[in-house]
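The same chain A turns up in both complexes below, where it pairs with chain B and then with chain C.
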Partner chain A sequence: MDLLSFARGPALQWALVIFVLGSLWRLAGILLLRRKPDYTEPRSRATWRGALKLIVTRTWSRREFRASTAFGQSLGYVFHIGLVVVVFGFVPHILFIHSLTGLQWPGLPSSIVYVSGALTVAALVAALVRRLSNPVLRLLSNFDDYFSWLVTVTPVITGLLAVAHLGARYETLLAVHILSVCLLLAWLPFGKLMHVFLVFISRGTTGALFARKGAST
Partner chain B sequence: MNTQRDPTVLESFQQQGLSRRAFLKFCAATASLLALPAARAAELAEKLAGMPRPTVIYLSFQECTGCLESLTRSFQPTLESLIFNTISLAYNDTLQAAAGEAAEAAREDAMRKAWGKYVLIVDGAIPRPEDGAYCVIGGRSALDLLRHAAEGAAAVVAVGTCAAFGGIPYAAPNPTGAASVQDLVGDRPVINISGCPPIPEVITGTIVYFLGFGVPELDAQRRPTMFYGTTIHDRCYRRPFYDKGLFARSFDDEGARNGWCLYELGCKGPVTYNSCATMKWNDGTSFPIQSGHGCLGCSEPNFWDGGGFYRPLSSGLWHGGIGEGLGVAAVAGVAIGGAAAVAARQRQKRTTEAGKKPPEAP
Partner chain C sequence: MSEAALPPLETQGPRFGIKKPEQRQDIQGDLSDAARVDTAMREFVRDFGAVAATYMESCVHCGMCAEACPFYVETGDPKYTPIWKIEPFKQAYKREVSPFAFFMRAFNLKRKVTLEELEQWQELIYDSCTMCGRCTLICPMGIDIASLVGLARHGMHKAGLVPHELWAAAERAEREGSPLGATPKVFKERVEWMGDESDVAMHMDLEQADVLVTMSSIEIQKYPQALAAVAKVLNHMGLSWTFRSDGYEATNFGLLSGNADWQKDMSLKLINAAIACKAKVLLLPECGHAYSAMRWAGANVYGKPLPFKVRHISEFLGEHVADGSIRVKKDLDTTVTFHDPCQVARRGGVFDAPRVVLAALGAEVRELQDNRGMSWCCGGGGGVISIHRADAIRYKAFQIKMRQVDATGAAMLVTSCSNCRLSFDDSQAHFHWDKTAHSLLEAVADHLDEAPPKPAAAVPSPGSVTP
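Now for the complex of A and B:
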């Protein structure tokens, strides 16, 4: 079995199994936890409205923090949107998702995807430099932060190299790209990348609590 | 003492009534096919003019004769020109008039006379189990014939994917234990000309190159880089549509009619190294992608077991579906997560109950 067949076959299969098992393990483990009983009189019973409101309002900073968070937040938006464009806009990726789920949608022109990929890498590198150069951020960072960064940026870089045929033969680059995606899938449920699933759940929970307490969301 | 020598390649041309000019045109056209610089064209002509026609033994084993059919459609150089003027084809069981013991005796005789110098062309895979009993010619197994013929060969040219990588006989479950030439011939230079079938001009061009200059530069799969140096995708005229994200989604939709990229229909061009997109077939008339069908990747090892000709390259290669495995993973994930949550709840309950108890007096 050559490297590409291994990457497209057993490696991808096991990575998906780990991804599904790990994600549902984490989600079930969190969602089935007992909530701490709250005996206070609720200020509002429409907690779902507070949850939805906080999900929306937390997508940008409050005015007083905007100056200090604008750069980091902009980087975050660039690479998150870039990743969405690359993962869900590139036709070969759509075909992979189609082969797995049966879902399909029109793809974007490859040139737009390539530019998005390049911007994503640039933004991720800038985010890493910021993390390393800021003393507070550096102090707060641990292995999870750096490894999650690595497994996120690697598939984008290897994907760009594969489409540009840079550094090795295409089939080798493609195999390395798929293997890097396998690593991402296998790591995602067990590190901070789990925020893919938890970000809106945690935000909504916070919003619901705030609404119950009558706090501003 | 026999002083009669074999005619040179140039003399063979002249014996056929062809002029020196025709010979030079042949060399120039072949050099052009091989993308050689002008100086090397003259060198090729000089070498071929002075050398006797080399003996070539062509053995066919587990194959469909498609490669030889392809070879007969070579336009430059043509097969007739090659076998009448450039090489001395001493044995080919399909093209030769002789048959039976006389043919086998002629092969042995030719090999003995040119021992250590002849070029051995092999077409088809070779079964190994049971002493090669699954392919026997004239009472001798293909395995035995190949080993014996390879001993005296200057080089072995494996024509077609079956000879180069095992091809279709080698495909799972490989019931005859088929092997490629390079698996069995370790001590002789092996040149693989893969394809199912290979492009005819690639076969003839490689042979002529070998006669003039020896073994050409080969890639990791022992294929001449002059023909197998780039992928079909890199030279495909539909490549701009790939870059624009325009793909045919069925063989008769608007995209197919507009000549859009066939990636979605399973084209293996991006991982297939061959010259189809540039040299094409039938004297440069067309090639599979031009006629509306994706590349099957036939010049690559194990192309038959690549997960389906019509599955896109980016789809997973799991045999028998992945749904069951993911279903089991999902159930296991929810069960483990649920168990973890139950354990956490019990811990939480114990902690809460412990917190309700009045502190013990010191």
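Now for the complex of A and C:
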């Protein structure tokens, strides 16, 4: 079995198994914990609306916080949107997802995807420099932060190298790219990248609880 | 007073005549080091449910919460980043109860927290966090960090790792019924005194009343005019109300210090007193955390819905000024700025009521730059005002509020929390500031319109109350 076959075959299958089971295990481990009944008189019963509202509105900072959070938030926007464009807009990725799930949608022009990929890498590098240089971020950061950064940026870089045919044979570059995606999938349930799911649960939880009190969100 | 004109920060001076203690970590009880750590962690996770676990799992270490915290903003010290304040407890959660705790322990990926770390974190969990919850509003994941600090305090209290003044105040409240010596006997004497002094009818220990009026120890001992003020307003409304010597103290130092058992005892006193006099409304005083403790936790402590409404005095005033059952003279002819107490406004949902009252009094309200839900904490909430060693950092945090109050140019500063008032008074003395925080309740009591009501005004009949 050559490297590409291994990457496309067992590596990807195991990565997907770890991704699915790990994510389900972690979500179940959180969500199946007990929830105490709340007997207090609610100010509002529109808790679902509160949850949905916060899920949407916390995507941007409140006006009062914008000046102090603009740089970090902007970097976040660039690499999150960039990742979405690259992962879900690139035609070969869509074909790959189609082969797995049967789902399909129109792709974006390759040039837009390449530029997005480059911007994503640039924003992720800037985010890393910021994490290393900002005293607050440096204090908070642990292995998870740096490893999650690595497994996020690597597929983007290897993907760009593969489409540019830079550094090795295309088949080798493609295999390395797929293996880097496998690593990302396998790591996701265990670290901070799980926020792709938790962001909705966490925001929704606070949105619902605070709506009940009429508190600020 | 402009920022440039502020005197240099004084951190070594005496406060209330008490010599400032050296920086220290306090310990209560005689547990061994290992038992202390185990107890802290066990008690921390004891109340852990899906909500706290969701928050613990969700942090992406973006550091944005620092920008919302007055202690970080004014010091620039990264250790005051809100989520860092619970770092040992995050570690403990991941190691002991998270979905992957088995791996964490098996491979020692999260090592055990040490007593030294918990002692170091005492300053972060108590001295430099008022649980004001401003950080909750900035967190991109929506994590309510203040609630996690509350859980961390549970662990710290059971382990005997509480700043001593706060622990002593809580213990005294549990033993005597008040953290500041306002025992039932003292309370009765002060009610009688203020009744005589202000020539206002007081009601004590009535067997039946529609409104049970509770007070804060700070009011009873430092701002006793509040006793007369609330009586004047309720008498003006013609309501059936009473103080009860078996349930009057609304502050809850069990909550602040982190002792859930004491919190329950303190809440049950008020609940049982309200039930005993068949109250329809339990009226909470100008106190922020009392509102959190009773309005948003009281029924859960009781284990079922309360058979009465719980209202903060500011929302009660706002509602009844608006419906005409409290008639005030519109002659507070001055500019006013209002400090929103964190637990009443941001975390409690009461925003408009005080503004309705101030407008009815004829005041021109000049809002602080950050107001309502975004208001900065006075720095003294969450029990911080009681911790002497925290004075220096509390004064630093207070400077944001001082700058914003000055920037309004308002002649008068009003709030609806006696703990905030205490914090303002102490900082006012420290900075030789020219602003004093006034009570919303007392402003209403001082401007009651005792002229006979116009026929159209809706006045509740004696003995009835619209909660």
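To be clear about the criterion, the second predicted complex is superposed on the first by the 216 of 217 C-alpha atoms of A that agree within 3 Å, B and C clash if a C-alpha of one lies under 4 Å from a C-alpha of the other, contacts with A are read in each partner's own complex, and residues count from 1 in each chain.
Here is the rule we use: a contact is a pair of C-beta atoms (placed from the backbone, for glycine too) under 8 Å apart; a residue touches a chain by one contact, two chains touch by 3 or more.
From a predicted model like this one, the values you see are computed outputs, not experimental measurements.
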Examine A:Leu3 and indicate which partner it touches, taking first as chain B and second as chain C; both and neither are also allowed. neither
I'd like to know which partner A:Leu183 touches here: chain B for first, chain C for second, both or neither. neither
Quick check for you: in the superposed arrangement, does A:Arg34 touch first (chain B), second (chain C), both or neither? both
So in the superposed three-chain picture, is A:Arg26 touching just chain B, just chain C, both, or none of them (first/second/both/neither)? both
Applying the document's definition of touch, where does A:Gly214 land relative to chain B and chain C: first, second, both, or neither? second
Given the touch rule stated above, what does A:Ser141 touch, chain B (first), chain C (second), both, or neither? second
Return first, second, both or neither, reflecting whether A:Leu128 touches chain B, chain C, both chains, or no partner chain. neither
Who does A:His195 touch here: chain B (first), chain C (second), both, or neither? second
Looking at A:Thr206 after the superposition, I want to know if it touches chain B, chain C, both of them or none. Which is it: first, second, both, neither? second
Which partner, chain B or chain C, touches more chain A residues: C
Show me the chain A residues, by the header's touch rule, that chain B contacts in one structure and chain C contacts in the other. 25-26, 28-34
Quick check on the complex: what are the chain A residues that touch chain B? 2, 4-5, 8-9, 12-13, 16-18, 20-34, 91-93, 95-96, 98-100, 107-113, 165, 170-171, 174
Using the touch definition from the top, list the residues of chain C that touch chain A in their complex. 48-51, 53-55, 57-64, 66-68, 72, 78-79, 81, 83-84, 98-100, 136-144, 295-300, 302-306, 309-310, 345-350, 370, 372-374
Give the list of chain A residues in touch with chain C in this complex. 25-26, 28-41, 43, 54, 58, 61-62, 64-65, 68-69, 72, 76, 134-142, 144-145, 190, 192, 194-195, 198-199, 201-207, 209-210, 213-217
Footprint of chain A on chain B - complex, ascending: 231, 233-234, 242-245, 247, 263-264, 270-271, 301-302, 306-307, 311-319, 322, 325-326, 328-330, 332-334, 336-338, 340-342, 344-345, 348-349
